[in-house]
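Next up: some structures, all given as structure tokens.
Below, chain A partners chain B and then partners chain C, in two separate complexes.
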Partner chain A sequence: MISIFGLTLEPRKKTSIPLQTAAILVGLVAAFLVSAALIATAGANVFNALGYMFKGAYGDWDAFVETLVQATPLIFTGLAIVVAFRAKVFNIGAEGQFFAGAMAATWIGLHLTGLPGPVVWVLIIIGSIIAGGIWGFIPGILKATLGASEIITTVMLNYVILYIISYLLSGPWREPDQFYLQTAWFPDHCRFPAVVPLSRLHLGFIISLVLAAVVYLLLWKTPFGFEIRSIGINPRASRYKGIRIKKTLVLVMVISGAIAGLGGGSEIAGLHQQLRLDISTGYGYTAIIIALLGRLHPVGVIIVAIFFGGLVNGSTSMQINTGVPVALVHCIQGVVLIFVLTAEVLATYRIRRTEIDE
Partner chain B sequence: MNDIFQTVFLISLLSGMIRIATPIFFAALGELIVERSGILNLGVEGAMLAGAFVGFVGGFLTGSLWLGVLLGIMAGGLLNLLMAFMSVTLKVDQTVAGLTINLFSAGLTFYLFRIIFKGFGSSNLPNLHTFNVIRIPILSSIPFIGEVLFSQYLLSYIAFLVVLPGIFFFLYRTKYGLNLRCIGENPEAMDMKGVKVSRYQYLALIFGGMMAGAGGAFLTLASAGLFVSEIIGGRGWIAIAIVIFGDWKPFRIMLAALFFGLLDTFQLQIQGIGVQFPYQILLTLPYILTIVAVAIGRRRAGAPIHLGIPYKRK
Partner chain C sequence: MMVLVQDIKLAAKPLILLPMSQEEIKEIILRVENLSKSFPGVLANDRISLDIRKGEIHCLLGENGAGKSTLAECLYGTYHPDSGKIFFKGEEVRLASHQDAISLGIGMVHQHFQLVPPMTVMENIVAGTVHKGIGINIRQATEKVEKICRNYGIELPLNNIISQLPVGQQQWVEILKALYVGAEFLLLDEPTAVLTPQEIKRFFSILTKMTRAGLSIILITHKLNEVMDISDRVTVMRKGKLIDTVDTADVTQENLARMMVGREVVFLITNEKVPPGETVLEISDLQVVNAKHRSLLKDINLRVRRKEIIGLAGVSGNGQRDLFDVIVGVRKIASGKILLDQEDVSNSPPWTMLKKGIASIPQDRIEEGLLMEAPIYENIILGIQRCAQFRSGILFNRRKINAFSREKMRDFDIMAGSPLQRVDTLSGGNLQKVILAREFSQNPKFLLASQPTRGLDVGAIEYVHKCLLDLRNSGVGILLISEELGEIFHLSDYIAVIYKGEIMGFCPTEDTTVEEVGLLMAGIRESTP
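Let's turn to the complex of A and B:
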């Protein structure tokens, strides 16, 4: 029970779906108001700025396709988080696993150039899955055998891999005679094909949608998915049911890492064709917001990722035209999460005047 | 290496150990109080970032470093007030709430930095003159020991000589400290005794945020003299690991923090004397050590029993 300002919130016996939806809408409106205030802080006209953002994100077909390009890595990392969080395994390392996949993809794209394109694509997919899976396996096995908090170990591994990559880019993998920290570009035939002609939207987007379906089937239509979800809901009961928690836990981390790794491989093969440190703007962290807002469901992830992809895409046009920094996007994402989480909880209560004697 | 060179190396190693441990130590002491109240607060990184950012802006705009520190401390406390509202009042999953705090802080500080320092680019970052080292008269002239222990920043003295004993006294010698520790073990019993559980948890979180804020402000105002969005570099997470490794006890936490400081200084010193080894690989050492620390430390007995479980009155 919560009491503030003479009002008491009491738990409701049942929360209806319309009420939940209404609460989330109220949360979004509140987040919108805060975002508007933030834009005003930058000294810009709020409607002007939001107008440019919307137009830049969804204004025409080209803009929308570019929004999907921006959404693609977010769908991958968002799905990675869904699998983990469904088992209450808090994988904060999607960022590092994404980079592990990107590393593998880059190596394959640079070294196996003699093979035909489609073969390289398949190898890149497999390679980035394995690399991400390994980077997820480490915290998984440490948790299962030693009880090490996966939250801390995954965050630490993000830093470890970034320093490893920055070492590789400063020497062994560096493009000769280049000032920037980057590898050489790999040849065009190794690149994922575009799925919308003359756009940057690539095969990775299709893969991410297929993967969403696979994750849905895995979680809700297989015995293993049932195990994952029941561990997330009640680990103790799951043990009595004979579920081998530790084994499942390690597998969940491997799958989650593999999905994020595939996301990294897809970005390299579909978009960048080379490894740099700025290929992710924190996709692995944004993914946490996406997965939570998407209610830990693949369809929710796709919807929120496209919304966030739009924010990223539209913010460029907003910055050019109104001077409001692109950084606003990360701010909005955090604010939305806070308000939606709050609204969700408040929807499970009803408000009454506090009675003086209880 | 000759003897003089070795002594100089050792002095800078040990004095660097204290300096580098300070921000993590602040944050870890704050987190100790928070976790003793039963709240698992994962927003340390975010609170440190808020402290670093607001501390820097305050110091830069007012010209007073101490005002900056004060504002940084307040920013950390304010951010954790939000954490308290989410985790104590709304009882949002504490892991989720803490992560939310981190993401929110990262987004907000990055955005505000861009707005406040519009004309600056990555090649001409705004910077300020950092705090000076305070040499304590007489003591600092003791050979070796004076250089190591008594030529530090004032904030380091405060962390080790004021905050640490203060927290020890509070936890183990006052009624309130006893109540706080009991809340972390059995909030229901304390509630029945009439102790206001949520008030303790609110205050613990605000204090924890202030300490993290102080640690963050130390990074911008004493160490770096500038702000970049990656400045915390995982130190908030390392602080959480240090609380585990220090078995939720103040003095062991100090030793753990110093150990991390030593390792970090060691890799800096090795870079400094030009050993041919990729410095990026050396930079991974503190993170790898943190992984090792939580892998070993998880079996310790000092964890509050009710840590991370929201307390709901039946």
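Let's turn to the complex of A and C:
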């Protein structure tokens, strides 16, 4: 029990679903108000700016499709986090695993150009899954055998992969006679096909939706997924009931890494066609926000990822029209997380006036 | 250099209370009027009114969840009552915190001790007391504590480290902590749970000495014989309501039991012995050490036959937990063997133990037995989730799982709307039934049951006992680890006693007595063969 300013917080026995929904809405409204204040400090008309943002994100079909383009990598990395966090494995390394997948995809796209397109696509999918999986396996096995905290190792591996890529881009993989740190473009036939004609929305988006279904089935419809969640809920009881904790933890990291890696591969093959250091604007980190806001559920991840994709997409139009910087988006994302999570936690309590003696 | 500090607050309190005259005995030290306290969804205390007389031992009797502890916590300032008044020594008091209660002279010993294990007894006693300045005169404090100990005949090595003391002695530290700051009124929450029968006797005699010196004591318990042994008066609570306060001399155990449960109590379900079958589990020369190579279990030899219950008696913390962990496979053994149906399963992992037919009821059902945030059906299939009977192809078949769960819920009388209900909405008895349903469903050869009835109400205890006896009669061997001697004597065919990781004795239940077992639990072996 917490008492402050004459008010006492008492845990509720049960939090009803309407109450939870209301809490999330209140959190969103509060986040919205803070964001509005931020926009105002940037010197723009708040309604104007938000109007452009909304129009830029969901205003018409093209805008919406572009929002989905922005949401695609977030769905992948968000799903990666869901799998890990459900087992209470705190994979902060989706960013690095994303880059590992991107690296593998680039190599395949650049070197296997002789093969027909669909074969290359499949190879890119497999390759990025394997690369991301390996980048997840390392912290997984370190945790299982040495007890090394995955929070530390995954963050460290994010830097490792970035430096490896920096090295490759500044030397071995660099596009000949190019000033920028980037590889050559790989041929168009190796690129993922567009799913909406004449748009940037590519096969990766469909893959991400399928993957969400797969993650749902894995976690809730298979014995292995049950074991993952069971470890997350109560590792001690799970151990007593014969669940192989270490093996499961390693596999969880591999799966989580593989999903994030596939996200990286999909971005390369669907959008960039070359490897650069700026292919991710911190998708692996934003994914944590997305997964938590999405209540560690694949459907939640899709919804929140599309919302966040809209923020990114809409903010461009906001900047063009009102001069409010795009960077504000990251700020808004953080604000949303803080307010919604706070509201959710508070909803599990009730507030009472503390009786005080005079 | 030690800074000398005179603690005015402490000095103001008389340390040794003088014997009282007749009329003082009737004096009321604490009065509770219409106290109510509710938690979301539960009315834990419903208009409780109660007088505690100076110098009496007043038992609060009731089943788990009757509201005894809540009432005590209200009197100790942990909870704030929703309504009602508390009078201490004739004056109305509002207790905002423990500090308020302590400064009035109210002390409490909780079921879970609040001691700092790596510190000495004295350090624990003085830590947290109200002092001015920055130092404590430990020598003065020690003299004061020694004086209290001498007065009541408490034997306690004041300079020893807490973690090296037996649990029974740790309890004395808790009591001394309260007396040191001048408590005149003690709330003891289930203090006998950690004591052997002999220790209980001694404990009670010291409590009596204290009350003669003017201390008043509320003793919370659910054991009828203790109420009869020690209390002057007893207040019975049931489901948050105060049923009655009576003079102990005027009632019988049966009266109290009826008041406590609210119906006639059939005390014991009959235990008709059956001839045992072949050996199912055999432990020979088992040694277990911890990471620092300190011995946890020494030369354990135990044999459990089919159709037989072996009761393992012992004060908590004497190696029962390690033995449990070894048999279910989560702890490695240093040497020795565990044979299951003649097959060596020593150091097999938990999943192998499970597959080979070892079922287990962990002592802490919430921390070790259940997924509290998951629905009933997931808890029922925990551990057997890979069985083909729950799947179609690689995916779970929810219809099959639900049917299985419904069947188990019916068989084990689990009170819940549907298998989808989360287990954290269930009562303690129903939680244990979920575990029983799960553990019994896989046709085990051997069951390891640790504290299977801890914290359950009378009805649920009867049910669990019946389940255990039925399981035994169906051909399963059972090792029952329990701190409740009544349960051990009632259910077991043989009794083994564990003390400091060693088996002190093993004999048929009918050849021993509670006193004998009690001595062994305290580590005293009689010289007679």
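In the analysis below, the second predicted complex is superposed on the first by the 356 of 358 C-alpha atoms of A that agree within 3 Å, B and C clash if a C-alpha of one lies under 4 Å from a C-alpha of the other, contacts with A are read in each partner's own complex, and residues count from 1 in each chain.
By definition in this document, contacts are C-beta pairs under 8 Å (C-beta built on N, C-alpha and C of every residue); 3 or more make two chains touch, one makes a residue touch a chain.
As the structure is a prediction and not an experimental result, all values here were calculated from the model.
Trainee: Figure out whether A:Asn234 sits in contact with chain B (first) or chain C (second), or with both, or with neither.
Mentor: After superposition on chain A, A:Asn234 lies in contact with chain C alone.
Trainee: Quick check for you: in the superposed arrangement, does A:Arg350 touch first (chain B), second (chain C), both or neither?
Mentor: A:Arg350: touches chain C, not chain B.
Trainee: Please indicate which partner A:His330 is in contact with in the superposed arrangement: first for chain B, second for chain C, both, or neither.
Mentor: first
Trainee: Does chain B (first) or chain C (second) touch A:Leu146, or do both, or does neither?
Mentor: Only chain B; A:Leu146 stays clear of chain C.
Trainee: I want to verify the contact counts: of chain B and chain C, which reaches more residues of chain A?
Mentor: Of the two chains, more chain A residues are contacted by B.
Trainee: When the two structures are overlaid on chain A, which partner does A:Pro223 contact: first (chain B), second (chain C), both, or neither?
Mentor: Only chain C; A:Pro223 stays clear of chain B.
Trainee: After the superposition on A, what does A:Arg244 contact: first (chain B), second (chain C), both or neither?
Mentor: Touch status of A:Arg244: second partner only.
Trainee: Under the definition above, what is the set of chain B residues touching chain A in their complex?
Mentor: Per the stated touch rule, the residues are 42, 82, 86, 89-92, 95-97, 99-100, 103-108, 110-115, 233-234, 237, 240-241, 244, 278, 280-281, 283-284, 287-288, 290-291, 294-296, 298-299, 313.
Trainee: Considering the complex alone, what residue numbers of chain C touch chain A?
Mentor: On the chain C side, the touching residues are 39-42, 80, 94, 96, 328, 330, 349-355, 360, 362, 367-374, 378, 381-383, 385-386, 390-391, 394-396, 425.
Trainee: Which chain A residues qualify as touching chain C in the complex?
Mentor: Those residues of chain A that touch chain C are 10-14, 217, 220-223, 226-227, 229-230, 233-234, 236-244, 350, 354-357.
Trainee: Residues of chain A touching chain B in their complex?
Mentor: Touching chain B: residues 1-2, 38, 41-43, 90, 92, 142, 146-149, 151-153, 155-157, 159-160, 163-164, 166-167, 170-171, 282, 285-286, 288-289, 292, 325, 327-335, 337-338, 341-342, 345-346 of chain A.
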